[in-house]
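Encoded as structure tokens, here's the structure I'll be asking about.
Labels run A, B and C following the written order; every chain starts at residue 1.
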Amino acid sequence: MKLKELADKLGAKLDPPDAEAEITGVGPIESAVPGQVTFIANSKYAALANTTRASALIVDEKFTAAGKPLLRIRNTQYAYARAVELLHPPLREQCTIHPTAVIDPSSQIGANASIGAYVVIGPRVEIGEGCTLMPHVVIYRGVKIGRNFFAHSHVSVREDCEIGDKGDWYKIPQTGKVVIEDHVEIQANCCIDRASLAETRIGRNTKIDNLTHVAHNCTVEENSMLCAQVGLAGSTEIGKNVILAGQVGVAGHCKIGDGTIVTAQSGTHGDIPAGSMVSGSPAFDHKQWLRSVTAFTRLPELARAIRGKTGKE
Amino acid sequence: MKLKELADKLGAKLDPPDAEAEITGVGPIESAVPGQVTFIANSKYAALANTTRASALIVDEKFTAAGKPLLRIRNTQYAYARAVELLHPPLREQCTIHPTAVIDPSSQIGANASIGAYVVIGPRVEIGEGCTLMPHVVIYRGVKIGRNFFAHSHVSVREDCEIGDKGDWYKIPQTGKVVIEDHVEIQANCCIDRASLAETRIGRNTKIDNLTHVAHNCTVEENSMLCAQVGLAGSTEIGKNVILAGQVGVAGHCKIGDGTIVTAQSGTHGDIPAGSMVSGSPAFDHKQWLRSVTAFTRLPELARAIRGKTGKE
Amino acid sequence: MKLKELADKLGAKLDPPDAEAEITGVGPIESAVPGQVTFIANSKYAALANTTRASALIVDEKFTAAGKPLLRIRNTQYAYARAVELLHPPLREQCTIHPTAVIDPSSQIGANASIGAYVVIGPRVEIGEGCTLMPHVVIYRGVKIGRNFFAHSHVSVREDCEIGDKGDWYKIPQTGKVVIEDHVEIQANCCIDRASLAETRIGRNTKIDNLTHVAHNCTVEENSMLCAQVGLAGSTEIGKNVILAGQVGVAGHCKIGDGTIVTAQSGTHGDIPAGSMVSGSPAFDHKQWLRSVTAFTRLPELARAIRGKTGKE
């Protein structure tokens, strides 16, 4: 899309007015490539405008840095979301019902439905207009669903359940991707969320056990191991050779240094330096934690001892 | 089904003997609608018999409240389970093998099988009589399964595994439903269990992240957020605008008040008043918890200090 | 396979050279049956060589026990892995694309692909050579995948994601199985891992709730209950009538005795005697834990009281 056309569609003022570029997508300011547009939320990030490789910037009306074509608009956040939508078409492209879909004749599907290959819809189902059922969705008998329902592959909706309407409010699309490097193993029922922009990345040789959750924008480097039922909150960075034992939780926007071991069921809140071994929720040094949990089992006796000395009841 | 017919099938005594009603289902005493039968476990709930909208009541032989047709029987719990079974036919309705099922010719499937659309059964599989495979079940090669096996959509059984017989003991059917209100988002691999009767309900605008478990009969009200890997035990009520952070667990039959925040990995045991912020497992006031966990890291030194003063080793 | 042929393929020295046996598989030394080969890592396990029912033993060059045909080789671990591979053929048997697979014509699939029934591949997908897509795999549009990709049934890869190459390093195959005894119920999205050899076993009448993880080689005996989101690490033994409440974690290689109750979110590290009720992470006696957590909420005051008496700040 031409930059001029994008400016018109966003209702933004192009500066300089004769700037030209072919825009192919939206990217985050640090990693955008030529051909992408990015945005600057406020003047605090003005310095990045000088280093980004993006071909154009969405900025507010008072933004003063230069050197790149600018799309000036009051609500930059909304313009950004709109640009994502314009440049990254959603999954739902056409209203078709795949010939392999098995739909019970007693079911009613509203207008403008998009129904993928091998979808199965049981008897007496009612679905409102504008639904998107990706391939392999199964809807059991008697289900009632409202307008604009979207179900991804392998979703099951069990018999007689009810689902309301979706979809008339404004949401920032998630258009990044997931990158799985070589020799990664991901076991059953894991969820690796795509990035909002850019990517969620799982590094070479990393192993991820069952039922683990990796939120959007996380990075896990090489040779790390995420045991079963681990959960990583958004934008967390896990270094190389890290072991997160079973059921560990890691808070968002934190860095876990190379070679760190977090023992089972622990939860980390904040950065962890490389080579650490931590335990507990919140987690701290493992050896110290071992002493603390030992003392914890005797805590009532300690409390009694104090009361005996202080005379408090 | 006529009330008289239901009484006969349950082996219950109809009181009055000439009572008439068309019974279409079973409902919980608080929310049953006309046409439904409900039951009263013991006389403590006799008052509810006066307010329920149900058309008939299953009660024990000594029950004395009136105003509704009664089905008198010694074992009300069993009669209720039987009534559910009679009035809510199970999923398995007919013994057919869908023409799209791909079954390897070297596999043996017992009599009375019900095999849904797009089921795939690999080589050398043996399945006993009476199996129900819902659409999209995949059985890998060499699997051996006993009688009355039931697998829901998207179940996979991996190669060479063995599964025994199922199904000759008595279980109270779960016949309620799940209601998802408008604008709810449910991410990947979540499990929302249907109610035993009545409903499990997820309120408007509520967001549920990956791998979350919502047990039967829970209610989550509007605008709440359940982060990844949260677990709610049965019959719990979550208010409006509640945030349950990652890996939180909530015990059953509790109320979490509006606007409550439960921080990551915490576990609540009991009701939480509206507007609370709680942490820990078991959870208590967040600020107090912060002080306690700080003291916890120094617990061994505290213990030593006490021993020093008291002369204990 | 003849024992002589196996020795040749492994590069092992057969002792005695004229030993004969028909070998049908590999088994663990304690439970191998006639017709299976097993291996002895070092002379510490020599005694077991006298009691195993295996038909032959893979041993190192200096091994001295006798009475069974021996396959002598320097690297017994590697020879064992190779024997597993030779005797337990992998899932991928032939390079075929099932006629029911729906592959968008704009996608490119490399040579030697094995694509199962009902696989769906969207537009503009690129997959390298040697991929195995088991039945019901769904690949969304624009995905890029390297060589030797293996995806099990019901895996989804979302749009525009990238996956690297797999598969040129040496891994010990997991060739055991899962045995589910009679009347077991396993709820949605659980993962029961197969054993590396022998079996992972779930005993009669045991119930397993949603999103639970049972690692390889675990045994759960009769009538136990694993509530939602429980995780068992590898080779753990759970006795009869055990209750593991929601989100409990159990460390690997431990025994949980009959009738034990582990309360919600607790984590056990080590064996637990029969009839226990334990809580906390790490878990200890439930009643003592109740007193400790009560004292924990008052820990800052206790710390202040100590400082008051000891004069420390």
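Everything below uses one rule, namely that contacts are C-beta pairs under 8 Å (C-beta built on N, C-alpha and C of every residue); 3 or more make two chains touch, one makes a residue touch a chain.
Only a predicted model underlies this, so the values are computations on that prediction, with no experimental measurement involved.
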Copies chain C and chain B - interface residue numbers shared by over half, same or different: different
Angle of rotation relating chain A to chain C [CA atoms, steps of 5 degrees]: 120
I'd like the Å distance between the centres of chain B and chain C, where a centre is the mean of that chain's Cα atoms. 29
Please set out, as single numbers or ranges, the residues of chain C touching at least two other chains. 100, 118, 136, 152, 154, 189, 211, 229, 247, 265, 281, 296, 299, 302, 306, 309
Residue positions on chain C within touch of chain B in the complex are 91, 98, 100, 116-118, 134-136, 152-154, 177-184, 187-189, 194, 204, 209-211, 227-229, 246-247, 264-265, 281, 293, 296-297, 299-300, 302-303, 306, 309-310, 312
In the complex of these two chains, what residues of chain C are touching chain A? 100, 102, 118, 120, 136, 138, 140-141, 146, 152, 154, 156, 158-167, 169, 189, 191, 193, 211, 213, 215, 229, 231, 233, 247, 249, 251, 265, 267, 269, 280-282, 284, 288-289, 291-292, 294-296, 298-299, 302, 305-306, 308-309
